[in-house]
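Multiple structures follow.
Two complexes follow with chain A in common, the first pairing it with chain B and the second with chain C.
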Partner chain A sequence: MDYTLLFVQMLNGLQLGLLLFLVASGLTLVFGILDFVNLAHGSIYMLGAFICASLTFVLGNFLWAVLVALPLTGLVGYAVELLMARRLYDKDHLDHVLGTYGLVLVLDTLAHIIWGPAGITVPLPAWLDGQVELFEGAVIPVFRLLIIATGLAVAGGLFWLVNYTRLGMLIRAGASNRTMVSALGINIQTLFALVFALGAMLAGLAGMLISPITGASIGMGGQIIITAFVVIIIGGIGSMKGAFIAAVIIGLIDTLGRSFLDKLFMLFMNENAAETAAPAVSAMMIYILMAIILAVKPQGLFPPKVR
Partner chain B sequence: MKKLLSAALAATMLTSFVQAAEVKIGFVTTLTTGGAVIGKDQEKAVNLAIEHMGGKMGDLDVNLIFADDGFKPETGKQVTDKLVKQDNVDIVAGYIWSNVLLASRKSVLDAGKFLITTNAGPGPVAGKLCHENFFSASWQNDETPMAMGEVLNQKGVKSIYIIAPNYAAGKGMVAGVKRTFKGAILGTDMTTWPTQLDFSAELAKAKASGAEGLFIFYPGKAGGAFMKQYQQAGLKDSLPLYTTFTVDALSLPKFQAAEFTDVLGSQFTQQWDPTIDNEQNKRFVADFRAKHGSYPSFYAAQAYDSMFLIKSAVEAVGGDLTDMDSMRAAMESASYPSVRGEYTYGNNHMPIQAYYLREVVKDDDGNWTTKIVQTVYEAHQDIYAKDCPLK
Partner chain C sequence: MKNMTKTGWITLLGMAALAVLPPYFLLNGHAFYMDLATRLVILGIAAVSLNLLLGYGGLISFGHAAFIGLGAYAVGIPSYHATWGGFDLIASYNGMLHLVLAIGVSALFALITGAISLRTKGVYFLMITMAFGQMAFFLFQALDVYNGDDGLTIDVRSELPFVNLDSPMQLYGLSYVSLAVAMLLVKTIVNSRFGMVLQGAKDNNERMVTLGYNTYFYRLTAYVISGMMCGYAGFLLGNFTTFISPDMMHWTRSGELMFMVILGGSSTALGPILGSSVFILLEEVLSSFTIFWHLPFGLMLIGLVLFVRGGLMRLFKGRGE
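So, the complex of A and B:
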């Protein structure tokens, strides 16, 4: 066993997991608290990437672009809530799915019209574009470490926000009994709009962070939204802690599966079969995990106590 | 009332008369999703070709119908069925993706129509599934990586690691390079297609393998993502990169905008290059650039060729599209002016053609493009031709 490779792959898995957490946390907030299924969450992830990519060229620096793009994606989220989601809260989940799927198509086409079909490659400042050697042989790109650091910081910030602030208290109360909260004189609509905008900012941030790695491209939200739903189902819908733990587990499973499954398969099948089977099985593993969790704990690993 | 009826009748007859005086071509490509960047380039090239023909093939007007495969085999088959059954086109052309072509070919061929691929070239359609009405305006998947394998041998590379997407074309690419490369293959990773765009795990494995080179195949947006991550991983000196169908005229302007200078000097194999010296290619490249402000990609070049291939067949029969035998004979002779220069067809209707090593350079105006460094094969035929029962 090559322990250096294992370590590097664990870091890669952690990075993927934290990115997933950024998307899933917004999704679980909106789904858990507003009881709203938002398929367009992935499109906001895409818009975050595109807005940040364009701003990188305008402002000349990726980090400035992120700082400006963050409130912009928040505004996009706010607009979506105001113009569309608000009208759908009272309807059932199927209407949410239909409505937000329509929004996915609209936003994809809008991105196609504004930015063209080619997508954008995002340049990084030189100090972020290099690599660091953590120890002998374990070289990792600086930017991936930055994603890990950002992900952990955001997770800490959200934990604090939800558990120790007045807004967090209202969010939890609103999730538990929204009629009671509004009866106490809290403007529940404004609260929901804030939560929606916060979720959009988190998804946008994930898109911004991935854009220097994969580029901004149309349809990039489609895949991540599926995985993000898997994350919140495993973690327990509405649970921030569950989303965090499930995202990291899925990131690690996916990366380690891609890294070592072929070697494992070669123990009992020939090389060609292993090379074809391994990627197929590793792509399936997170869904297998989800099926197992659903069978054992249908509410997910950490269902919120209030529900 | 009677007058109205007869007028309607006359109008119908007129329409059917107009229909008879046109050649109806369905073109299946990718116009939405991340794959649209390729499809749009092909669309531009096809429209330019028709414009260069003055809108006519022989005496017939050209009626083009574009269809979007949505980057999915099942959608590709659906739109192909619609073109064949509902629109009743004379010829179906297009197809970027091997899996889409494999899903759609039967619909066209069973209806007794010509099928011209403008990119995809999976092994089966060149071998056991070859068909008298199927023609390729591009290549067979294995050939370009085989040329790259030869280049690796010439450069004295002793061992490589391979990363490619897990679908029909990816497998063909891997098979191709393995066939000609004489050194050791230290590992092969097949990734989920087309969704996986983060290759951190695969790059870490490739680095740990200690190979002397890294061979990849990532068409479209995945190529840009891979190149960027390869550079961020800092592998340029320790693990040189050898690509096929990954760097192209669609990704180079993006790389240039992002000042991603590591791409300059990178080399890959191909059957076409914008610098190939013939009248047809000069006109194609110059007019494409004048119109769209960028160099055409090889996808565009193949799509452009496909229209002239069809034109040669239509002209050979004087517009009588029912004479399919003569149309077929005309296409088999490959006597149209191709932008890649002269080539011939094998028994399986796959081109027997030259393959070049291209290198990314700056042109005189500072635009990033490619030039030919060497000719790898003079006239190469795919290895599946022997499995094809056609004579």
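So, the complex of A and C:
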């Protein structure tokens, strides 16, 4: 066993997990407090990547671009809430799904019209573009470390926001009893819009962070939204803690599966069969994990207490 | 016939039009309309199967495109091996084998994923079926043997007794009869005791459970039946397009199927067909104007959700229906 490779891949898995958490946290926040299913969350992730890519070329610096793009994606989320989501809260989940599916088509096509079909690669400033050697043989790109650090910081910040601030208190109260919160004189409309914008900013941030690695592309939103769904299903829909733990688990399992499953299979299969089976199984692994967890706990690892 | 309702007559009229018009167009040299109608009828079968779950069972399955894909690959994979060798067990052009595989594999997939998904309800069910559908998509994307993402061309169509699928007319005939059978089947199921329990569980699951019905079992059975019907539609679609790719299983395809059912009007007999007709026409007309046809289509979808209730069939309903 190559432990250095294992360590590097675990860091990669952690990085993927934290990005997933950024997307899933917005999704679970919006669902927990608004009872709203948002398929277009992935498209906001995509918009974050594209907006950041364009701004990088305009402003000449990736970090400035992120700082400007963040409030912009928040604004997109606010607009989506104001123009569409707000009118759907009272309808059933089927309407949420159909309406936001329509929004996915609209946003993806708009991105196609504005930025073209090919996608954009985002250049990094020189000091972020290098690599560091953590110890003998373990070489990690600096930027991946930055993603991990940002992800952990945001997770900590969210934890603080939800548990120790007035806004967080309102969010938790709104999640358990909406009617009561508004009866106590809280402007629930504003709170909802804030939560929605916050969720959009988190998803947008994830898109911005991934854009220097994979580039910004049209299909990226549709891909991540399903994985984010798997994350919040496993974690328990509405649970922030569950989303964090499930995201890290999924990130690790997906990354480690893709890099080590073929070697594992070769222990009891011939090389040819292992090389065919390993990619197929590793593509399904997170879904199999989801199936197993749901078979044991149908409400996910940390089911919400109310509802 | 005396007891026919207004929607009943419209259903009959719609089906009669589908029986007569496309062959008429083909015989007059408009093969394009025949192609359109074939796709419509095949997607109609899939939409009818989804309607059994969504409309009558209240189960929002967002992974139905996976069954279409499984059915289509059940034609593609044996046909591929019959041409290029390997996998002797299933390598064959025999249509009956393809059919058994398409329906059998769909049933198995539905049984396994349904058994897990149905332990949950509401949004959980929706997201889990979506995730399982996407699992099938990624599985076939990862199978390099069958060209992964690039898809598989079916060189030889399924060989069936009595029907030659290479003839557009006969393929349409088979699809049309299949659609009629599928509609009758769903109608029979819905009006049976089984269907009553299914609809009862949609309205109030606790009540049905209290009455002593194991609604989980009823729902799972409905899920498997629906999956098998949809897999059959995939079998037809594979033979129609002769090109299959994982893209057929993508969750956006499942979204389109759901759109058809809701647009036409769920829990009505003709609704899914009406929905798939409108979808196919929209796709044709809009995409002839612009390659960005998803933009107006998406806007229409949003408008549909925000302003129209109950789907198009509601417009036709007589009083008191």
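The rule is short, and it goes like this: the second predicted complex is superposed on the first by the 305 of 307 C-alpha atoms of A that agree within 3 Å, B and C clash if a C-alpha of one lies under 4 Å from a C-alpha of the other, contacts with A are read in each partner's own complex, and residues count from 1 in each chain.
In the analysis below, a contact is a pair of C-beta atoms (placed from the backbone, for glycine too) under 8 Å apart; a residue touches a chain by one contact, two chains touch by 3 or more.
This is a predicted model, so every value here is computed, not measured.
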Inset, instruction - Would you sort A:L16 into first (chain B), second (chain C), both or neither based on which partner it touches? - result: first
Inset, instruction - State whether A:P279 touches chain B only (first), chain C only (second), both chains, or neither. - result: both
Inset, instruction - Would you sort A:H112 into first (chain B), second (chain C), both or neither based on which partner it touches? - result: both
Inset, instruction - Once the structures are superposed on A, label A:F31 by its partner contacts, choosing first (chain B), second (chain C), both or neither. - result: second
Inset, instruction - Considering only the touch criterion stated at the top, classify A:G215 as touching first (chain B), second (chain C), both, or neither. - result: first
Inset, instruction - Give one of first, second, both or neither to describe whether A:K91 is in contact with chain B, with chain C, with both, or with none. - result: second
Inset, instruction - Starting from the residues of chain A touching chain B, keep only those that also touch chain C in the other complex, and list them. - result: 108-109, 112, 276, 279-280, 283
Inset, instruction - Could you please specify the touching residues of chain A with respect to chain B in the complex? - result: 2, 4-5, 8-9, 12-13, 15-16, 57, 108-109, 112, 116-124, 129-131, 139, 141, 143-144, 210, 212-215, 217-220, 223, 255, 258-259, 262, 275-276, 278-280, 283
Inset, instruction - Can you check the complex and tell me which residues of chain A touch chain C? - result: 31, 37, 39, 84, 87-88, 91, 93-95, 97-99, 101-106, 108-110, 112-113, 222, 226, 229-230, 232-233, 237, 276, 279-280, 282-284, 287, 290-291, 294-295, 298-299
Inset, instruction - Sort out for me which residues of chain C touch chain A in the complex. - result: 54, 60, 62, 113, 116, 119-120, 122-124, 126-128, 130-132, 134-135, 138-139, 141-145, 250-252, 255, 258-259, 262, 292, 294-295, 297-302, 304-306
Legend entry - Sites on chain B touched by chain A in the complex: 32-34, 36-37, 39-40, 166, 171, 188-192, 195, 197-198, 200-202, 204-205, 207-208, 221, 224-225, 228-229, 231-234, 250-251, 253-255, 257-260
